[in-house]
Each structure stands twice: as C-alpha cells, then as structure tokens.
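Input: one structure, supplied below.
Per-chain numbering from 1; labels A, B, C, D and E assigned in written order.
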Amino acid sequence: QERTQVNFWHAMGGQLGEITDGFAEEFNARQDACQINSIYKGNYTETMTQAIAAFRAGEQPHIVQVFEVGTATMMAAEDNGAVYPVHQLMEDAGVAFDESDYLPAVISYYTDTDGNLLSLPFNSSTPVMWYNATAFEEAGVEVPTTWDEVVEAARALKANGVEAPFGFGWQSWTQIETFSAWHDLPLGTEENGFAGLEAEFTFNNDAVETHIARIAEMGEEGLFSYGGRRGDSRSMFVNGDTAMWINSSAYYGGFASDIEDFEFGQAMLPLDTDLAEEPQNSIIGGATLWVLQGHESPEYTCTAEFFSFLSEPEQQAMWHQETGYVPITTAAYELSQEQGFYEEAPGTDTAIKQLSLNEPTPNSKGLRFGNFVQIRDIINEELEAVWSGDKSAEEALDAAVERGNDLLRRFEASNS
Amino acid sequence: MATVDLEGLGKSYQGGVRAVEGVDLSIADGEFIVLVGPSGCGKSTILRMIAGLETVSDGEVRIGGAVVNRLEPGERDIAMVFQNYALYPHMSVRANMAYGLKNQGTPKDEIARRIAEAARTLQLEAYLDRKPRQLSGGQRQRVAMGRAIVRDPKAFLFDEPLSNLDAKLRSELRTEIKSLHRRLGATFIYVTHDQVEAMSLADRIVLMNGGRIEQIGTPMDLYARPASRFVAEFIGTPPMNILPAESPAGRALAAGARLPAGTEWLGVRPEALAPARTGGLTGQAGLIEALGADMLVHLIAEGHDHPVVLRLHGAAEVREGERLTVAPEPGSLRAFDGEGRALAAAKTFAKRLGAQPRAVSCGRPAT
Amino acid sequence: MKRVVFRSRWLPYALLAPQIAVTLIFFFWPALRAIESSFFIEDAFGFAREFVAFENYARLFADAGYLKSFRTTLIFGVGVTALAMSIALALAVAANRVLQATTLYRTLIIWPYAVAPALAGVIWFFLMNPSLGIVAYWLDLLGYDWNHYQNGDQALLMVIVAAAWKQISYNFLFFLAGLQSIPKSMMEAAAIDRAGPWRRFWTITFPLLSPTTFFLLVINFVYAFFETFALIHATTSGGPSDSTSILVFRVYQTGFVGQDYGSSAAQSVILMALVIGLTVIQFRYVERRVNY
Amino acid sequence: MVENRPLATFVTHAVLIAGVVFLCFPVWMALVASTHGPEALSKAPIPLWFGDQGWQNYRDLLTTGLPEAGGVPVGLMMLNSLIMALGITIGKIAISLIAAYAIVYFRFPFRMGFFWMIFITLMLPVEVRILPTFDVITRLDMLNTYHGLIIPLIASATATFLFRQFFLTIPDELVEAARIDGAGPLKFFRDILLPLSRTNIAALFIILFIYGWNQYLWPLIVTTEENLYTVVMGIQRMANSGESLPVWHYIMGTAMLALIPPVVVVLAMQRLFVKGLVESEK
Amino acid sequence: MATVDLEGLGKSYQGGVRAVEGVDLSIADGEFIVLVGPSGCGKSTILRMIAGLETVSDGEVRIGGAVVNRLEPGERDIAMVFQNYALYPHMSVRANMAYGLKNQGTPKDEIARRIAEAARTLQLEAYLDRKPRQLSGGQRQRVAMGRAIVRDPKAFLFDEPLSNLDAKLRSELRTEIKSLHRRLGATFIYVTHDQVEAMSLADRIVLMNGGRIEQIGTPMDLYARPASRFVAEFIGTPPMNILPAESPAGRALAAGARLPAGTEWLGVRPEALAPARTGGLTGQAGLIEALGADMLVHLIAEGHDHPVVLRLHGAAEVREGERLTVAPEPGSLRAFDGEGRALAAAKTFAKRLGAQPRAVSCGRPAT
C-alpha cells in the first residue's frame, strides 16, 4: 500500500541537515504508513518566505521550520486559518501529548495567550560566548564574565597576536534582543508584543545605546571585526582570527568536527554590571516546526506521529549532544545527564543553564513582533552603519526604532 | 510560347506613386522585346505586373490571349530571370532547376530529362551538383536561365539580368541570351537601363520615360529616327548634341537648311559632324579623349555653353586648342519643337536639306 | 519592408499566436497585476487586502532606504558601465592592432560572457572573502584592510568589479566589431593627413565608434540595473547596511522576503516605467543623434 | 602602414595579456580551489596551485547529494539545467521564427500593433516583475514543472528581431522566384526560409542556450522540489550557508561544473557565437 | 610638386604573395601617369607603397629625389584619393579638408584661405558645412579631391576614384580630374582597371600584368603599337581579334603579307577589317549588334572557332547569315610570337605589307 506523503521543509544545511534528514529516514524506517520527505530549503529566511509563497500558490508543505523571528507572522496566519496549531493537531490525531514534558523556557515563546502550544519546538538555541581556550591560555587571561572584562581580554588577546579578538553573528539576536533580556530590559511595549499588535519598539534606550557604542569603539580599536549577518564570521573563529565569538549554542556540533588546532569552550554571556547585578535569562532562538493547513487528515496523522517521534528523549538527547541545540524536553535533558554528556564535554549545558537561570519576566520571555523578519534586516542595516562608522549608535538605534515601528504599524494594518 | 498584350496598363503604389500610366503594347509570339529607360521609369513595374508579382491597378495583362490579372505568379506559366539571380542558395544547381517543376508535380524522370537538356544547352553539366555560391556570376546567371528554360514557359521575363556582371562577362552573356532566344524561339521580355544592351538584343525596343512609353521601334528606328529629344539623348554614346536652333551656334550648324516651322532645338550625332572647310560651326578643341579606334573632341563653340562633341577617327590629328570648323553630314540634322517632339519625319527633313539619305561612308556595306 | 508579400487571412495570426500568447500571459498580465497590487496592502499569506490608493508609492518616496537604493543603483550602474566599457575598449583597440593574434586573444577574452552573473558573483566573493580570499589576503599584505561584510563601499566595489568582469567580454566583442567595421582606408587617409596613432584614435576611431559606444551604454546600464540581481542575491544580499541593495534586488527583497506585496508591486511599476523610458530613449533619441 | 613603433607593439601585447590575466584569474582560482580539501581552504592564503582532491571532489559532487546543496547531486542539477536551457532555446527559436515570418512576409490588420507588443517586452527582464509573474504561474498551476521553468521565458523580442532583421536582408527576388516557381507561404517557409536561416538559428542557439543555462531567479522561485533544481541556482544555496562553514571546495567545484557547458559552447563555436551575439543585439 | 621614381620596386605580402616585382618607373614632375591592368595585377600595391601605406619589400621609392622608403605616410607629403572616398563621416566637409592642415599646424586663416580656394575650384562652396552623408557620390569624391588639393602635396595619388560612381557621373568626373590636372600642373598617379579611363586621362599609361610592367607609353602608343598580345587584348573594346597565324583563317587574313619570322599569332583590330571583294577572310555573319553609330558583326570564319569581330558603320546593311569577305586595312596587321610578344615594330611590319601608315578613312582629320 502507498505510504502517506508528508513534506517537511527545513533550513538545516550541512551537518545539521544530515541529522535532520536522518530523523526522517529513521522515522520512515520504523513504520510503513507514513513517508516524511525532508527537504532543505536554504536559510531560515528563505525557507520561511518560500513556504509562504508556496502557501499562496497552494503548494505548501505540511511542515515548515520557521525561526523564532517569524513567530508573530505565523501566529497571525494561524488566526486566519493557515496554520494548524500543534496542540490541536496532536489532539485531532489522537497522539499522546503533554505540554508539561517540555522545558518551560522553550515553549513559553511559542504558546498563545491561552497557553496552547502552536508550533513544535525542534531546534532551540540561545546565544553563548564561544572562546578559544588555547588563545586565552597563551595570552594569559581569564574567560570574561562582564563586558568590561571582555574589552580587557580582547586587548590582551590582540596584544598577543589575535587578529580580531571579539566577534559575533546574528547581531540583532545576540546584541540587542538577548542583551536586553539578559539585563531584563524591554525591547518594546506590550510585553515585547505578546500582549498585542499595538506594540512599539523601545530598544533605543541608553543601555543598548551604550552597549552598541562600546562595540563600535572596540571596532575602532581593532578589537572587533564585523563578519556578516548570520554565521558568516564563524570561519574567523574556526581559523583563530577571533577568540571570543557570541553566537548560537548550535555551533557546537560544527565546531567539534571542524576545530582541530585549538581547544574551544563556551561560556555564559557577559554581563554589563552597570545595568544589572545578576543576569536574568537569555532568550530562545533557533526554530520550531509549524504545520500548515490545506492537506488531508491522514497526512496530519502522520505529521503528529512524526512530531511525537521527534520529541522522544532518545532523539532529543542525540540532537542536543550532536548539535548544541538545547534539549526541548525535560526527559531529554535528564537522559543527557545520565549519559554523562556534560561531564564529558564541559560547558555544553551553558545554554540550558542560561535559559533556565530565572523565571522569565515579560522582558525575557521572548518577542512577538510582526514583520520581524524585515525589522531584523532594518536592525542589521542600521548596526552595519555603526560598524562601518557611518552612524553613531544613537542615530542608528533611533532610526531602527522609527523604521521598525513603521513596519509594526503596517503589520497591524494588514492583520486586523 | 504565346503573345503578351498589355492594354491601358497602369500602376499606383501605396503612397500614391504613379509608376506606370496607360501602357499599350502587343508582343508577338517569339518576339524579343526590350524595355529600356532611365532608372525609375517603370520598367520593372511593368515586368512584375506581367509576372503577377505586383497587382495591376488599371488595365489588363493578357498572356496567350487570356486575361491573367488575377492569377498567382505560379499560375501564369511564365519564367523570370532576376538581376541578382535569385537562386536558392541552399540548393544545388540541379535542385534549383527542379524546384518549380516539383511544385507543379512533374514526374521525376521528366524533370531529370528537362534538366539534362537545359544543362546541355547552357553548358552547365559540370556544375549540376554545386551550390550557387560555388559558381561565378556568369555561371549563376546561366543557372537562373536554366531554371527558366526547364519550365518551358509561355514567356521569359528578364529584369536587368546582366547588371551585376563585369563588362567582359556582360558582353559574353549578351551574346548567349541572343542565341538562346534564336534557339528557343520563345517570347522574351527584357528590361535594362543600358541602351547598348537594348540596341544589340532587341527585335523591338520599348523606350519608357516617367511611366509612359516614349517610343516603340526597332533599334535603328530609335537611333536614326528618335521621336523626341528624350529618345535622341537616351540612345547613343556619347549622346546626340542638342543646340538651341536660334542660338548663334545653332544657326551656324543649320546654315543653308530650311528648318520645319516651330523648330526650337537642333540635334546632331557626334559621328555625323565632320570637319568642313566652310559653312558650319566653328570652335576651339577642348578636351580630347583618345579611345583608340575613335577620338572624342569637345568643341567649345562660341555662343554655346556646352561643348559640342565630335567623334573622329582614332588616328585623327587634332590638338587641344586648335580651331575647327565642322558641318553636319547631309540628312543628319534633327529638329525638335519646344516640348522636345521630333518635328518632321527624318527622311523628309533630310530631303529638304537637299541630300539623299546618308550613304555609308566608312565600313562599306556588304554586297 | 518586403516588396512582395503573401496573402492569407488567417495564416499570419496563426503564426503570431504562440508568441503573442506567451507575451500576453507572462508579460502583460503580470504587468497589469503589478499595477493593480500596487494600490493595495496585503498580508503575507494573502488572506486580506486593503485598498490604499497611492500610499505604497507615497511611502516609497518617503523611505530614505528606497531613495538610497536609487543612488546605489546609479553608482553601481555607472561603475559597472565605466569599468566594463573602458577595459573592453582598451582590449579591443589592442586586439585590433595585433592582426594575426586577434583570434587568439579574442578566444581568451570572450569566454566570461558565458559565466552566469551568479557564478561570477560567487567566485569573486570567494576571492575577496576577508578571512581566506586570496585577493583580500594580497590587499592585506599591501596594508589595505578588506572587509566587505562591514564596509559598504568595499561591498559595492566588489559587486561592481564582479559584474563588470563578466560584462567585459560582451563589450569587447562589440567594440572589436565596431573597430573592424571602420574602413581601413579611413585610417590610412588620416595617416596621410599626418595624424599619429594617438590623434587618430581620438579624432577618428573614437568618434566613429560612437554608435557602438552609445548602444553599449544602454545595454550596460540595463545589464547593471536588472541582470545583476543574481550576482547581488548570491553574494551580499544587498548588505551590508543596505549598501548594495540595487532597485531590482529591493523588489525581490520587499516582496519575497519582506512579504510586502503592495510595496514590491509599486516598485515593479516604477522599474517598468524606468525600463520603458530607457527603451524609448534608446530608440528615439540615441539612434537619431549618434548617427554622426 | 609604414610604422616604426616597436614600443607600441609591446604596450599592445602588455595590455592584452593583463586583460587576459584579469579575466582568467578568478576562474583559475575557482578551478584550483575545487581540487583541494576543506582544510586547505580554511585559512589564508589559500593555495594557488592544484591539490590532489580534484577527482574526489568532482565525484562527490556529481554522484552524491551534498547536504549543503539540499541533498541533490550536482549531476541531476546539471541535467535540469540542460533541460531548461534546451527548452527555452528551442521554444524561443521556434516561436520567434514564425512570428518574424508573419511580420515580415504578410500584411494584415494590427500588424504593427503586434509588432510593438513584442517589442515592448524587449527590455523588461523577469526580475522587474517577478512577484506578479510568480503569481500568474501559481494560478496556472505551473510551479514545480519543467514547463513552468521554460514557457514563461520563451517569449523573446530579441530572437524575433534578429529573425526579422535577417528576413529583411533576404532579397525580395527569392520570394518572387519561389512564387513564380509555384510555392505558397508554407512551402516557401519550409523549403527556402528555414534552410536559409540555418546559420542564424545556430548562432542564436548558442546565445539563447547560455541565457537559459544561466537563469537564476526564475528557477529559484518556481521550483520548490529538489529534483527540479538547476545548477546555477543551486550554488547560491551552498554559498549562502550562513550557519555552517561554506564548503568552498564543493562550491567552487560546482561553479566550475556550472560554467563549463556554456563556456565550452562559446569556445567551440566561437564564430557562430560572435555572429549570433553581434547580430542579435544590434 | 615633384618627380616620383620607383627603382626595382618589389612587394611580398605575408603568406608569400608576390604582388609586385621589379618595377622601374620615372615619373616626371607634373606628369599624369595611369597605372592600368586587370584585377590583382599589383596596381594598388604600387600606389600604396608610394604613399607609405605598405612597406616596400625590395627597391626604392623616391619622391622629389629623396628616398622615402622608411618615412611614415604623413611625412611623405603626398595626398591620396580613395575609391570609397574615405571621408571622415563625423566631420563636415570643411573639417574634412582642414584635418590634414591642422595636423601639420597650418595657421587658421591660411587653412580657411586654402579651403575657400579648393572649394571654389571644385564648386563645393555650398556644401562646406554638410556632413559627407548628405552628399551624393560625385560630390563626395570631389570633397576627397578637395582634401588632397588643400594640402598642396608633392604628388596626388588616386586609387580607382571613379569605380563607385555610375557611368554618367564617371565620365563627368573624368573630365573634371583631367582639367584639375591641367590647372594644378601637379604630378598625378592614377590607378584604374578601366582602359577607357586610362586612355582618356593619361599622359603615359603603365600597363601592369601579374605584378610586372607590361608596357609604358602614351595611350595611342599602346593602342597602335602594343608590345604584346596581352596589351593588344587589354586595350580597346571590342578587343583586337587574334588568330593563329598558321590556321586557314590566319593564312587567309595575312594573304599576301610577308610575316616576320616566328610569327605565331596575328592580330587585327575590329575597325581595321573592311569588306573586300577578293583576297581576305571569308565567313558568315553571325550575331549582329547594332549600336547606332557602329555595328559589330560577329563573323564566323571557317577554320576558326571564335568569331572574328568587325566594326562597321552603323548604317551598314549586313544581315545575319550573309557571307562576307574582309581584309585588313594596310598596315593594320600585328604579329606576335609564341610567348605573345609583338614581333616587329608596327611600322616596319606595316611597310613590308607595302602600304603607307593607315590613312584616316572616316572622320577626316582636321587640317
């Protein structure tokens, strides 16, 4: 008999892609009713926009992986019936599903106002600070925990021949969104958008401004080198040009296989002691799996079963350990502990620790702004203008907020 | 083979150009007719109306007595040879000749037979499998004629077939066309702007001017008895000298002749002016062109701004600047009225001048 | 115009039908839809749309980023055109001088025409990569700090060079054809008229090439404005800081990535007007004026 | 010409050689990079001479699906490119030939109207109106199909113009001779015009093949199924990896594979190519 | 103005074509020399070596006595007029003429003066501000001449300047060039392949064949005393009739004449054959071309496969098929040896035939 076909679009290239495709294969091998077609569609933005375009064309996949930034857009689509909420899907398919199995820090980002889970967390990450332990040792400095120490360490590393000691990727996520949450500062009104479409940005505050200005100064001093919007500067860390690199915890898998010349480690994000005594918690990144409407019910049953398979502790633990994404269920976290993973690879629990450091506040729960894909691009543009010396931090953030608000209003207009 | 008759033929092109106007012409079966005239006078237009390549605006075209105005070119049973040969460049000589026959469904062996025959006639046997581009201009034009011959059409139309060839080839092929006509005995309608070609080929020449027929006649008719100044100046190189009858030069030239009433222009051919001791036109020799057998002397006559051209024997001893007096040979003067029409039949006028028709004075006629 | 034509009531229409059908369906219909969409705003999934009249246009012209794209496009266009045409002209003039070796050089020069703009972009992207690109490395040795991820001007320069690199072959071929069509006797007459090679070039060759030059100007601008989309998309994606976001890239970015259909459609309409303008200029103005 | 300027000759060759180096160098580097393993390409300066991984790399690319390329073997992508390029080329030539024939050899109402309709598309690249065109394709249900890849791109003002231009240079007398030989319009087209257009068709074929092969945005948006990916668009996915380290040896290998077919066509049929290019654009 | 001397001039093109071989020629100051010969015989190559447009492979070119072999064209102080005019299309007529003067730094008012003068001479005043494309072919060629004149060069070189013009314009401009030469008194070196042009223009003709000089002399020299069969057949239309001396036809023609030893070919010009009652060549009239003033009769003689052409008076009464007997006029027979070289000086041979030099028998010479 014919297998029921389910299309799964994802944005996992390289090693991540291999593992992702491996899940689908394994699931397909386990049973003979469903066939999951796992398809790489390019980076997050491309995958999401292609899925939307496909939806408009009636060619949508069943499952699409959408990064956290697209959440508001997807939720608005859910209101219009484009999205099949996961809680509903599981219920309709009669597949056992308990939200409380999932780490709260993870699912809070993706639940609606009634606390129902809308999409399935799959690969969740959070920014951490990657460092080149060998380089630190050679320069004789400690791994920094505050931003002041970051600057100091960078100077020492530079003096010791490291080309551009400090760097980062996904700058809006790591240097504005997470920075704000880490210091319990709001990014915008309306509980960072969770409470309504009328939200407005407020991240042009002194705290963020000072922070951005600090990085710009580091750039001028030659301590920081900007290397692209997503993970493009990764190669600088891998080849030793950069020794402190703030980006997703999900680089773990890649680093483990690519880095041979030196020891690397991950540390918690630095704190700006002028802003807070203690860090709050970092916010989630990565992506979740959204189910799109418009297909037959047997296909959705398969989808539900696949989701259930993905959430099993074995899968999750393996995924977590291989990639550096955080485990999404408590069971998977515990399994990893049992397996002795954290002793074996110290620091690999940094992400999960950061996420669960404190009970999330409205400022650290996450964000839910419409049109945020575009707004991220605006923030990218404005920050790049700072790095290249064309704008001051203040000008750039003011402009980003103004332009961002404009898009928020436009989103509000087209979704109400 | 057939007669071709044009009756009141006229053509207006889009945009209002009136290319041909009221042409009446009956072409006998087997006749070699040449349409000649300056560029733009409508020669090609007439030919193309006969062929069916242009619609007829007024009048009728009849081939073999039947009106063909509304027939497609392929249905008129005529063949045409073009100035640029118009061979199908991608087909062999053989295929070029066969194409028309194939289209009309002639059987294979009949086609082969006819091609063989035409190739023999035109000495093209060796080239049958070549492509046109592998042939010289003269050979190409022969293939074009071959393509016409195999069709065995009612009439052959030629539109300046020799204009693209160099002088030597031109005169060779001229001879070939003439003998082809003799061999086939078919009706030939031939367009050219070259009066030498017209003179040497035609049974009858139709001289056109501005869309109308200026004169129809045998070559010698047109040369000796031009119906108008236009004909007189068009036929013959160098052309007939034309002088105002009332100018001093004109009066000197016509000295002693009684001119018909209304004469405004006098004409005399360069070879008909001979040095004379008295009575005649006096002038100074200007440019002298020694052409071997002949010599052209440009005579600057008082009271006439264009030089009068004399054609003398090549060995004549004339030097630039020399003063010469010349007089027309008896009977050689032509008179035209204000509109350029010839005034009296040449003969009559010649008689009045008191001489018998000009006798051959140089190459003595054969007996 | 042909002197002789065939007569048939239906045949010409039948022959034209496929071409016209494709043109209508894939050119005119989309063009009309673009005009229509430009008066609406729409949500990403296409559930709702709202008529906003000219608001999309108004917003575009109030948007500093959009206006900057005009500037970027212009700089990019002028840069690519100037670079590709001047190098090509120099090469063509040289190749035209070497006589027997012309074919050899021509062979070595024309092949980049076949390289897709996207590939040209990716290859240059690789050469210029700040951390491992060989050219960036050489620049570094020369004391020049190359980082097109950070420096918008450098990024723009990189895409200009990549785009021009690919276009040189094309211009070269046309310049060479133009040079070869200048009658040799014209150069000889000038030589007899005592003009040295330099003077001959500027007073005779260059003016005589002007039809080719103007043709290439238009073609190069069109190339730089529209056909380099792939190059930008495959390399800088318009960044950093919007500095390589040419107009045609923005249409895509706004529409496909930003899901802002109305604004994207409005940009399409503006671009179409621009293209048609260029076409008209080419045929009305340039053709007439440059005929010496 | 009598010229005594050895320096000028030297400068001439110097300019040409510099130009050739500038044009060839990037592709040389790409070729070299495609023969190394990832380690050699992770640190500056990268090698300027071939490595020993060439066969390995190309075999991987052509036969196995790399995750970086979405798991599609480059061999399959190249096949798709070929199908698309040929489809576009043949389609464009076919419909342009007959359209030009109609415009040149017939007089009929609205002839100029049609002419302008085709003409106006001359400079309207698909990128400019990408979104609405995509919309139309989805309405016609042509996503993820070869005909979706091909048909929208086969309307070609350029080819129509080239053929029109060419037909206008065919002497009138040839039609006239054919008509006297009893050929009707279709016979004339088949027996005379088509054979005569052979070189032009061949020349245009090259240009259009390159155009088709190098398509980027169009396949990028009309294909969502991997087995329809083309190689030129496929490379973008590898280069823009973002999250993972770009696999430069594979990327450059793919670039080489993607540029070899059109470059070979251009070089092998240089004469026709030059003719096609210079004539189709002027 | 100056003399031009060529000494042992030779040219090999790359690829080994030997275009010119051992050409010696001294051109006097103010002379009008025409180089004529069939296509590819090396005429242009010689002219271009004089101009400096081709390097000299062997020998020397001297202008005004100085060797110029290694001078660039601009330094030789010559001017050249090209077949395709080679006007600068983007410059006005005035600028075209001024270009060369500007390049040599002539003062502005001097340039203006010279242009005004040349424009007057060539009647170009009205066109000075036009671009070349706004001019007719004849006007363009006149501008090209004007460009040459203003330079006041040592010598004028012309390479087939009239070949692109139609017959009428050609003969007009021919006259103009001739009078220009007379007015300027400068050295003219003129290349053409048209023997009529050569005859009517030249002071001396240089007839080339396969890269070598075949004969140098005045036009009448070449016509009347050709140094070879090649010259005899090249000069004159229709060309001289050539018959094998030992064929029946040849013997009939030469009946009664004592031929020089080694005679293999006999030549006689068409106009020198006159109908005779007895003794001579007998044949049948084939094609007859009536050209008005003249008539060409193709005589099919027994024992000779090519027709012998006679040129008779236009009014002669010959009909096709008629039998004719013709004899050469006294002194008109030419004898050539096996290699085609003329055998005895024409005069001597003529005397042997027992007649005085042929008297003018048609247009009587002026007194």
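The rule we apply is simple: contacts are C-beta pairs under 8 Å (C-beta built on N, C-alpha and C of every residue); 3 or more make two chains touch, one makes a residue touch a chain.
Given the structure is predicted, the values throughout are model-derived calculations rather than measurements.
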On the document's contact criterion, could you list the chains that touch subunit A and likewise touch subunit D?
C
Could you let me know which interface, C-D or C-E, is made of more C-beta pairs in contact?
C-D
Take the average of all CA coordinates in subunit A, do the same for subunit E, and state the distance between these two points in whole angstrom.
93
Distance between chain centroids, defined by C-alpha means - subunit D, subunit E (Å):
56
What's the distance between the Cα centroids of subunit B and subunit C, rounded to whole Å?
58
Contacts with two or more other chains occur in subunit A at residues 53, 56, 229, 232, 235, 239
Check each residue of subunit E and list the ones that touch at least two other chains.
52-53, 72-73
Scan subunit D for residues touching two or more other chains and write them down.
1, 3, 42-43, 135, 176, 179, 221, 236, 240
Considering the complex alone, what residue numbers of subunit D touch subunit C?
1, 3, 5, 8-9, 12-13, 15-16, 19-20, 22-24, 26-27, 29-30, 33, 41-46, 48, 94-96, 98-99, 101-108, 111, 114, 117-118, 120-125, 127-133, 135-136, 140, 151-152, 154-155, 160, 167-168, 172, 175-176, 179, 184-186, 188, 210, 213-214, 216-217, 221, 232-233, 235-236, 239-240, 248, 251-252, 255, 258-259, 262-263, 265-267, 270, 273-274, 277-278, 281-282
Using the touch definition up top, name the residues of subunit A that touch subunit C in the complex.
45, 49, 52-53, 55-56, 73, 76-77, 80, 82, 219, 225-229, 232-233, 235-236, 239, 241, 371, 373-374, 377, 380-385, 387-388, 390, 403, 410, 413-415
Note: in the complex, subunit A contacts subunit D through residues 9, 13-18, 21, 39-43, 50, 53-54, 56-59, 61, 229-232, 234-235, 238-239, 248, 250-251, 254, 258
Subunit D to subunit B touching residues, read off their complex:
171, 173-174, 176-183, 187, 191-192, 195-196, 198
Counting only contacts in the complex, subunit C reaches subunit D at residues 1-9, 11-13, 15-16, 18-20, 22-31, 33-34, 37, 87, 90-91, 94-95, 97-98, 105-120, 122-127, 131-134, 136-137, 140, 165, 168-170, 173-174, 177, 187-188, 191, 197, 215, 219, 222, 226-227, 229-230, 233-235, 237, 248, 251-252, 255-256, 261, 264-265, 268, 271-272, 275-276, 278-279
